[in-house]
Amino acid sequence: MRGCVPVRERFHARLADQWEYHMSRFVLSLAIIFSTVLTPAFAVEPTPAKATATEPLTIWWAQWAPADGLQQIADVYAKETGTKITVHQIPWGSFQDQVFLNFGNATTSFDIVVGDSQWLGRGATRGLYVDLTSWLPGAIDLAGIKPQALSNLCEYPSGSKHYFAAPCETDAVGLAYRADWFTDPAEQAAFLARFHRPLAVPKTWTEFAQVAEFFHRPAQNRYGNAQLTGRGYDAMAMGFQQVLWSYGGSWGDAATYAVHGHLDTPEAVKALEFFRTLTTFGPKGATNLDYGQVLDVFTNGSTAMSCTYFAFFPTIAKQLGPKVGFAVMPANGERHAISLGGQGFSVSAKIPVPRQEAAKKFIAWFNTPAVQRQWITKEAGFTANTAILASAEFRAASPYNAAFADSLDHVRDFWNVPVYNELLASAVKHLGEALDGADAQASLRAIADEHEAIFEDAGLKK
Amino acid sequence: MSDAVQSPVLVLGGVRVEFGRKSVLAGLDLTVGANELLIVLGATGAGKTTLLRTIAGLQTPIAGTVAIAGVDMTHAPPGLRDVALVFQNFSLYPGWSVRRNLAFPLRAPGRQLSDDVIDERVTWAARLLHIEGLLDKPAERLSGGQMQRVAIGRALVRRPRIFLFDEPLTNLDAKLREELRVELALLRRQLGIPMIYVTHDRSEALALADRIAVLAGGVIAQIGSSESVWNTPVTAAVAALLGRS
Amino acid sequence: MRHRLGWAFVIPTLLFLIIFNVFPLISSVVLGFTNSELTGGSWEWVGGRNFSRVFNDPKYAAAVRTTVLFTVVAVAVELALGFILALALHRDFRGKTAILTLLLIPMMLPPAVMGIYWNFLFDGDYGVINQVLHAGGLLAPPQWRTDPGLKLLAVVAVDVWMWSPFMLLISLAGLGSIPKHLYEAAEIDRASRWMVFRRITLPLCAPLLGLAALLRATDALKQFDLVMAITGPNDASTQTLSTLLYQVIFSNQRVGLGAAYACVVLVLVIALAIGVTRALARMRSANAGQAV
Amino acid sequence: MTFLALNAVAKTYADGTIAVHGVDLAVDEGEFVVLLGPSGCGKTTTLRMVAGLERATGGSIQLAGKIVTDLPPSQRDVGFVFQFYALYPHLTVRDNLAFPLEAVGVPWRERAVRVNEVAAAVGVTELLSALPRQLSGGDQQRVSLARALIRRPRLWLMDEPLGTLDAAVRASLGAFIHEQQRRHRVTTLFVTHDQEEAMQLADRVVVMEAGRIRQVGTPTAIHDAPRSRFVAHFVGSPGMNFIPATRTAQGLCLADGRHLMIHNAASTDVLGPVIVGVRPQWLQVSTDESEKVGLVATVVLDEYQGDHRLLHADAEGLRLVARIPATQRHALGARVILVPHAEGIRLFDPHSGAAL
């Protein structure tokens, strides 16, 4: 998440991160408690600001490299149009809480939020995001956008042609591996002798497991792989669901919201048991690695392969240079599914209409091919523009761009219904239990039970 | 009950005090005259201390009246009653000199006495109690007898309308008790302030009293001069209290 | 006149209580019957649905189990450790004040800070604990924060580290309040040291220790900061009632449902609070008796 | 036969304060000895050293033929009654009484029997199930006595056990202690500051002052033949009157030239200045102006005491007390002549205060 720094400094940086995270949560809790207690009695309507064309806009996003890139693009926009735009960055841990707390006010402090894909349902159904359905097709060439990205990042419900966001950062999980170890002749010989095939970047999960097992040598402080298994927000779900889908399971039926028969099938159980096996070839604490830790154990040079979002790959490439290679996530025979990442631009419904229009103008400008070509030059600036993705120029621009372009064909996402966070929390908690040693089938059945109850409660289940 | 009291200073009429369901004072009548020293005798738990607290205003009766100098004070706070209470525990401020301890009641808010007046009163009290030499000594370095003198002095400087003593000599050595008893008797002749004095020591009671009031069952069982109570106790219990069994 | 003045003093307190205690309490109970959300917007009455969800929620049952387990183990260990330390320190020696002050520092610091601090001590790779263990020859030191068997233990350990000194302080006060002449009487009576401890020290300290344990228990039942810092709010083996509440209200934004959870928690805490008040009253009457 | 012997027993505290200067005392088996003195005289410290609650910093203590100076209290076989009872507040009277038996491992059944026995003897059978705080002070001290008694120790030590009680209770409990002590023939060391108590209870009284023993003797001897002005003043209620006089061949002369007494008290041949000691009961009060012998004084206070009066009179700054019949009345300010009875005269050295 940060630039190239020695281990010790990175540790301190993590310390600072966590500190900020906890303090912001603490202060936030206090603020919420007081506001919920006092608001009904003392709420004061803030006077809405007058909007003019040149009035500055504010974008809220998480604190990471792509946001720096977005600020640079926005500075270009300011030069061209005179509208100044500030990208306000919030630590990942409190990003969601701060955004939705702010939505609780009469007016939001931001005009645009670059929101997580799962937030769409809540933003759309609670009247927080401006409905872009009639505007978006005229403002952006939708045909030129990767359909998987469009449906997962912009539509709610998925496939309904109702738009509540426009593409900003498109992301997917990819595979980063230690090219230097893979090409070491001694390793290659040893691998061949053991598995009777040459050592190569794994294309299937079976191969992946073999390679991970092969490189797993804890006594030498070397580990096979690192998967997303963090319990804080969605890391665990993002890490596991690609195995789930690849093995033939799923989170449930998007039409009927039935979960039993999808998440607790023998295939799904096998997927979870396999995922657990992978963590046994991981570094210390492999059953609970959040995004930062997955990045850490790979960049500190101890781990052979790591599966995480492409947005982290520029950092990896900068730190490890030629020692690292990037690839598409493995498949399981025919089945190939990859966790979608990334966020779309949404316009706050709680700002005056003129400001909404000004915000839309910027979003349309950002999605023009010319600007998208600039965007991909920024660190972790990933586009959803089909033409750019397919261009040889894009594929050659970085060691990971080709893999990224190929990954987008296979992306899928977690539920993006309004109650996504309850679903996430329940899933992450029980998956965590399973990784901690509980019975896989029981854990999945528990998730299925809870998820169906949540759907029923939310009035979604048919 | 025979002795009629001339110009009463304190009149209690039908005073009733209950703690929970327990009746401590059950309609008690008592009259104390100007310049009188009244001894209150009674067994443990007879309500002697409660009687003093009721007079001082630390305890509000559920029925009856307390009149001081002809004014109904039943519900007046202690500060307005102008009575002084001396306890068996000396309760001096330890870090302070004797002088400061003696002057303390005079410096209470609302009194506004000049330093000269305060000084004069402190010296006067110290002379009466023979503690002039101790004025600059810290209170915690005094002997038990000296401490009790200072405690009495602290009540004295205020020149209250009534003195209330709650077994002031009980915690002292037997010998010291004898000596202080004599001094108290001499002192009260000089002061001319009425005193109500609770004790269980019969020597003290007989020696000091103008009248003795025997408290039993929440009322005054007998009241009269030392001689009359000694010579004609109304009950065996009264006789026992006086050591005549 | 006195009475009117009395009311003048009481009214501000009453107002304060109503605005900051009674009003939020009632409003949270009312909220429990709605489906209102943190982001505002419309809400409607849902009757007892939230409450029935709470009682049918396995997460809730699990959180109650975790919370009670945490409370019982932490408070018991703190009590035992604090009391044993107090027995050792209940005498005069040079440096006693310094030792006491040092021991009390953890208690004075905010739990959130302590949680984060220990989080780094527990870290599998960088953590001081594991580095020491590793240097001591243990090749695979335990993973405090990720090993399911150790996570709750880690939280308990930090709580014990923070709060045993509190129990020590209370125990010292309890030991100090036992009149010296009782020990002298026991010595005359030829009681062995064990008998003195069993028959005098322990029973005379017990009311105060019980009160301290109750106070700590009401606090431990609300355990939040340490869990947040060490494992996060959504870990199956450490999710307490408070972190579950946090999850429901702040992450899921379900204020109505959260209020229903909170009401049920409240009943638990009130039950304990009544216990504390009763214990206090009992102690006061016992002391009043002794003073005669 | 000496049962308890103190040889030069001394106590100096860490801060240098000397509480006891080196006390020698021999107590016979079955004897009731009272340590009497004003507060701070070292009597309680001495008692606690005998119990082992305080460590002697000098000398030795011998109990039943054994040196016990450095033994802990539990190995001395003593019973101790504390001024503030020291009952175990959380235990019932029954458990308080059983405590010393439990400590030495007496079986449960026997314990119950002995508790009932001692409770009956002390008269607290009805109180066995009560907690100490539910009892009156007198009853608490009764229980405390029973507890000191139950193990049948060979030495009873009592530290002002009656000091905090009401006068009436004090008298009856004092008598009770006396009776128990006589019945069990337990050697007893009893501390008090109340000389009346001492006189009533003691076989022998030990008067202490400033960490030293001033006189040891039977109550009568102490009262009638005090060996110093201190003892003479401290013992007796009120204490002895002291009158400076000159002893001549003609008798005792006062400063104003009057005779205090015509013939001489015979205990000494010394002539010259002496202090004359007279107890109040040996002073006669006369209003007969023609009286040639005696001290002229003014009445300042008349204390009625029921069966007698204490008449305080001032003779040019000298304060004297006379004990007179209750029927005899003198007005305040009246001139009286105080005439000592020859039998009651004691002489003291004006410098050392020692009896002559």
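Residue numbering begins at 1 within each chain, and the chains themselves are lettered A, B, C and D in the order written.
We adopt the following convention: contacts are C-beta pairs under 8 Å (C-beta built on N, C-alpha and C of every residue); 3 or more make two chains touch, one makes a residue touch a chain.
Values in this document were obtained by computation on a predicted structure and should not be read as measured data.
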| remark: Min route length, chain touch network, chain B to chain C, equals 2
| task | Averaging the CA atoms per chain, pick out the one whose centre lands closest to the mean of every protein CA shown. | result | C
| Which chains share more C-beta contacts than any other pair? | A-C
| said: By mean C-alpha position, what chain is farthest away from chain B? | reply: A
| How many Å are there between the centre of chain A and the centre of chain B, using C-alpha atoms for each centre? | 86
| message | Just the number, please: Cα centre separation of chain B and chain D in whole Å. | response | 30
| Using the average of all C-alpha atoms in each chain as its centre, how far is it in Å between chain A and chain D? | 94
| remark: Here the gap between chain C and chain D, centre to centre from mean Cα coordinates and rounded to Å, is 57
| query | Tell me, which residues of chain C touch at least two other chains? | reply | none
| message | So with touch defined the way it is at the top, what topology do the chains form here? Options are line, ring, star, complete, other. | response | line
| request: Go ahead and list every pair of chains that touch. | output: A-C, B-D, C-D
| query | Touching chain A in the complex: which residues of chain C? | reply | 23-24, 27, 37-41, 49, 53, 58-59, 112, 115-116, 119-120, 124-126, 139-140, 143, 145-146, 148, 225, 228-229, 231-232, 234-237, 239, 246-247, 249-255
| task | Mind listing the chain D positions that touch chain B in their complex? | result | 38-39, 136-137, 166-169, 171, 193-197, 234, 237-239, 300-301, 303-306, 310, 312
| task | Please give the residue numbers of chain B that touch chain D in the complex, ascending. | result | 43-44, 144, 173-176, 178, 182, 185-186, 200-203, 206-208, 226-227, 230, 240-244
| note | Seen from chain C, its contact residues with chain D in the complex are 179, 181-182, 184-192, 195, 199-200, 203-204, 286, 289-290, 292
| note | Within their complex, chain D touches chain C through residues 51-53, 72-74, 78-80, 82, 84, 86-91, 99-100, 102-104, 131, 133-134, 147-148, 151
